[in-house]
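In the two complexes below, subunit A is the common chain; its partner is subunit B in one and subunit C in the other.
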Partner chain A sequence: MTGEGAEDIEAIEVDLFVEALRRRYGYDFREYNRASLTRRIRNLVTTFGAGTIGQLTDTLLHDAARLPEAISGLSVPVSEFFRDPASFACLRRDVFPALVSYPQVNIWQAGCARGEEVYSLAILLTEAGLYDRTRIYATDISPDSLARAAAGIFPARDLRDAVERYRSAGGTHSLSDYYHSRYEFSKIDTQLMRNITFAEHNLVTDGVFCEAHLILCRNVLIYFTNPLQNRAIGMFADSLVRTGFLCLGARENLEFSPARERFQIVNAATQLYRLKPSY
Partner chain B sequence: MSIIHDSGANLLRLINEILDLSKVEAGKMELVREPLRVADFARRMERNFRHMADEKGLAFTIDVAPDAPPVIVTDDGKLEQITNNLLGNAFKFTASGSVTVAFTACADLAGGGLAIEVTDSGIGIPPHKLDAIFEAFEQVDASTRRQYGGTGLGLAISRRLAMLLGGDVTVRSTEGAGSTFRLILPVAADAEGQAAAREASAPKPRTAVPAAPPIAGTPERPAYTARTQPFLADDRSLIASGDKVVLIVEDDAAFCRSLMGIVRRKGYRVVAAGDGETGLAFARTYNPTGILLDVMLPGMDGWQVIEALKKDPATRHIPVHFVSALEEAPRAREAGAVGFLTKPVSQADLNGAMERLMHFAADRRRQVLVVDDDPTARFSVRKLVASASIEIHEAESAEDALAFLGQHEVDCIVLDLGLPGMSGFQFVEELAARGSIVPVVIYSARDLTPEESLRLRAYTDSIVIKGARSPERLLDEVSLFLHSVRHAPDAIPAEPDGDLAGRRLLLVDDDMRNIFALSKVLRGKGINVILASDGTKALAQLADHPDTEIVLMDIMMPVMDGYEAMGEIRKNPAFAKLPIIALTAKAMTGDREKCIAAGASDYLSKPIDVPKLLSMIRVWLARS
Partner chain C sequence: MEAIVIGASAGGPAALQTIMAGLCADIHVAVIVVVHVKADTEDLMSPLLDQSGKWPVTTARERTRIEPGHAYVAPPGYHLLIERDRSFSLSVDKRISFSRPSIDVLFESAADAYGANLVGVLLTGANADGAAGMKRIREAGGTALIQDPADAAVPIMPQAALDMAGADLCAPLPELVAALNRMCRT
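The block that comes next holds the complex of A and B.
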């Protein structure tokens, strides 16, 4: 059998897998970047101990209990505290002062993975004196990741390694003020958790659910093809208040999105945008 | 030119002035238009009047705002004649205090303009005389005339000259406190002149003069082209730049003539078109302040005309009022008209129609009411928001503001919350109860509790907390309302609905925008709406209001989400049958079932389709 033929079979299997998840559970991965999706499906085959993608599909069709595990495997929940510190520094400098004029501030963090980013944000908001009036909606497609995020327990190393980034993000206290460590784990201070709402939300199928003054969606759109990126960005624009802020990941931008003209660039290096007032 | 001080020259001056006036009125005055540097002109003014100020011991300041056009194209001599007259009067009628001159940009004129305001702290003019002072031979009264001299012709001539230059002179005054005469002039009276003015005000990069829009009818309908012969004798040959023009599109000549009479009596120039194609072409050519539009027309009908007007960025902003034989107000509203009259119409109807047109006119000065008990706070808002195209009114209490609003139309209210007497909260509620649709921007000196902002958000979504960066946002919010043409269709009040009026509904949502939009619609139907922003608060509201008849429940909420809240509600036997409609942004397979399983009676996905929601509410209220 030629290599080309083998690839064809895998492509068919991926199609069927995607179709099965969509029709059986409503999770729609059709507009995900195929190459990386295929890589993750292959990994799932291994972790599920299935021989082929076809067998993996079969398992998932019949055993709904294993769905969260599969979603979590497909969703790449890699992150770290104060990832891309320049981006956080920019939020502190350019966004927080503008948020002070609102009586209540809503932040939507889309694709929150296991919560590293949302806790980083909560720390900086606390230091800026804004956290009391802030509500953060941290959403993700993966129930597993959300449960981990809500528990707020991380390998102690993760936090120790973040000290340098916390400093360059403009942190002014000691990072250890915000967690307690026991053995090799650290638990985030409950004070930091009090204004965070974790919720399942799928950027592919679900809609606007809050009015946000700031939306962070970093390192999520890279997994999407253009039409899906555009859907998400359109939804962000609809969720934002007039002149609200949108922050994307370092490798993402709005340049090719039809919603581009609804935004102005605040800081190109950190992919920070602001919704134009529309009148 | 020198100023005449000698009263012995009075007779000569009177004769000259009468000659001038008759020349202007006969249209014989010749104009020499040339680029004029505004800064130079201001300096000349200073030179001409400094000695007079010193002589009378008056403070005299001239201020050229940074936004004033640097160069205008006009007749220098005529302009000086006008300002000499205004300044001469100011010094003449002011015994102590000051005379100030301010040069600013004037947004009221198409193509840009310059405003020169001459303000004095003199004797002022009584209100009933304000209209008359521009008539020839009028002065406040005989005794002032004796005291101050003068022929009484100056202002009449100045005004005529200003109009000749494409501008106007207007006055505001408080008796005993002083007057402000405002002269406005176009940067240039025509496109060519505008280009010259731009060029002369180097070193800005040059912008191309936009190509003139096509004047003939729309290309899609070549069979019927616009007519160039006037349909009726209208004012198109008389229009000077700065004149306000109303376009009438009406094929019934007799009716059209009577409309023209009314419009002219209100001080507008009229252009009339007897068919839709011509009307459309005239709208583009004359950029009228407003349009009165018939529906049934030869060729293109009124619906097609308004559609074409709204599609074209050059005419989209022009308010359109229908006058038609058939009652089709809802369709007119949808098409973007500001009003609809059904023939036959009374004089009062037409006055009303004109008022609406002018209220929505793009070049009208916008009215802002600032409600704050602290004069310094009012002053800083005034300083922040003020511009040539915005007029600011102040009220120091909610009661005063309500009284003012009973008499005047405003475009936007800036409201402080901590007021003596009636609070800001009660004020917005009272406004809503009166059916007011004026947008309110809250400008609060203190932070708000979540309950307070929830209470306000049912009435406004613009809340600004004072702080370092807040003025910027306040300005954003206010200008949004002032420049939005979108609020026009909102102006038609919702009708209370027979079957829903008086019903009691609990709306649970953390999305403030939804709360704002939905509660407005529901209250408009006469429903008593109570609010909660999460599940826990919903339970508390139900405990306080056990007579609630229906609940709208959002799902994704902080503290306690909608699933859990519905479960809690159903645990109470008293609420076992209470209709609950779940509202959710989630659209995945199984989300509906999850809602029903959690206790929802029905389910609606976001964004909410309002008619669908209303019929769902009706169905559930009818059943119970």
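The block that comes next holds the complex of A and C.
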């Protein structure tokens, strides 16, 4: 059957592509779920103007300058401001009151992409009176995404579209207090950026990044196989202070992760967990 | 046959209810549905379809095994994909044809996983999502059923798929249901 034969060639090409990135540059995508990874690689073939995945592999092996573009295409893309407002409302209600007792609060957003959710969080922390004593470490695998996140410049429409979600998340001011618009772009207010540190971190190959009171990793582990998801959950547990919080994406499923045992559930609908005191 | 994947957009809920009501309970396949809904809506489709026929219908959960005799609906706001080990995965990659979940994303990953043991069904809708996915299903040896645009509440989507991929059967809903029952029982 021709269809099946064609599929097999592509599966081989994906394997070789993954192996090339790992051996040449140290980026390890072996434990990414194949369906989405294959889709992203196909998109790269188009954006690179390569005829096949094999040709894309060849380009990347020989031209290191093209690597950041490829990593950007293979990693979690743009999010939205106040994506899943119920999750943010849950942080306000269930997590912020527990953070008040700490003189200094560390928050780790793992997989921050272009920063929409980091800035959303900073807004809510500001309104809760917590931001002055908070340091947010926002990490991502993609240097391109980090550079864009740190610039804090977004299409003006992205922020206009977020007003309703900001309200649902429990926002009490006017969202426009936090950015300045010029033509079709909006720049995040520098006051909001002052306690955020952007840094490269790879959940596959790197270890604990900081000691944190709250870790957010939303819709990142959905791209990982069960073993890699479990590795990340274990690393988050190792990173959290006693009874620290972990917030995942609303549709994530930890039933195949043994490290899940180290957490108790706080809110199932928003996938908010808390490290058990015994750990 | 191992699975039926169904895509629907504008006018989709009523058409999907007709299909779920007509599917025999004793066919040994999994049914997987993408219907375009607003991203912030709750899981409204799976309870609606659960009540439509004899099939248990739930919202698909990532990492879970796909079971025959069960129907699944993509969660609002996420692309739904099928891994080769017959489990679900989710993605928040960018919208396709302004849609997440996208029919193309489900159909293309299903074609890769199931090859010839797959039936794709494309119903009413007002955009071109599903056309590229249907093409891939046919290239992988699967079967394409498309609702007759004249029978669809909105003809644009089935027409786009017919133009790009063609179909093994293009017919009104009752004939599609009969064909599914016939193909999947053997």
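The definition used in the following text is that the second predicted complex is superposed on the first by the 275 of 279 C-alpha atoms of A that agree within 3 Å, B and C clash if a C-alpha of one lies under 4 Å from a C-alpha of the other, contacts with A are read in each partner's own complex, and residues count from 1 in each chain.
Here, a contact is a pair of C-beta atoms (placed from the backbone, for glycine too) under 8 Å apart; a residue touches a chain by one contact, two chains touch by 3 or more.
Computed from a prediction, not measured in an experiment: that's the story for all the values here.
Partners subunit B and subunit C, brought together by superposition on subunit A, fit side by side with no clash. After overlaying the two complexes on the shared chain, residue contacts for A:133 are found with subunit B alone; subunit C is out of touch. Contacts of A:160 after superposition on the shared chain: neither subunit B nor subunit C is touched.
Judged by the touch definition given at the top, the superposed model places A:39 against subunit C, while subunit B stays out of reach. In the overlay built on the shared chain, the residue A:255 is in contact with subunit C alone; subunit B does not reach it. In the superposition on chain A, A:210 contacts subunit B only, with no contact to subunit C. By the touch criterion stated above, A:187 is placed in contact with neither subunit B nor subunit C. Of the two partner chains placed by superposition, A:231 touches none, neither subunit B nor subunit C. Between the C-alpha centres of subunit B and subunit C, as viewed from that of subunit A, the superposed structures give an angle of 120°, to the nearest 10. Minimum Cα-Cα distance between subunit B and subunit C in the superposed model: 25 Å.
Within the complex formed with subunit A, the subunit B residues making contact are 444, 447-448, 450, 452-453, 461, 463-470, 473, 476-477, 479-480, 483-484, 486, 510-514, 554, 556-559, 561, 584-591, 605-607. Residues 40, 61-64, 75, 78-79, 81-84, 89-94, 105, 108-109, 111-113, 115-116, 139-142 of subunit C are the ones touching subunit A in the complex. Interface residues of subunit A, counted against subunit B in their complex, comprise 25-27, 97-98, 100-104, 133, 135, 137, 195, 197, 199-202, 205-211, 241-243, 277, 279. Those residues of subunit A that touch subunit C in the complex are listed here as 1-4, 6-7, 10, 33-36, 38-40, 76-79, 85, 165, 219, 222-223, 226, 249, 251-253, 255-256.
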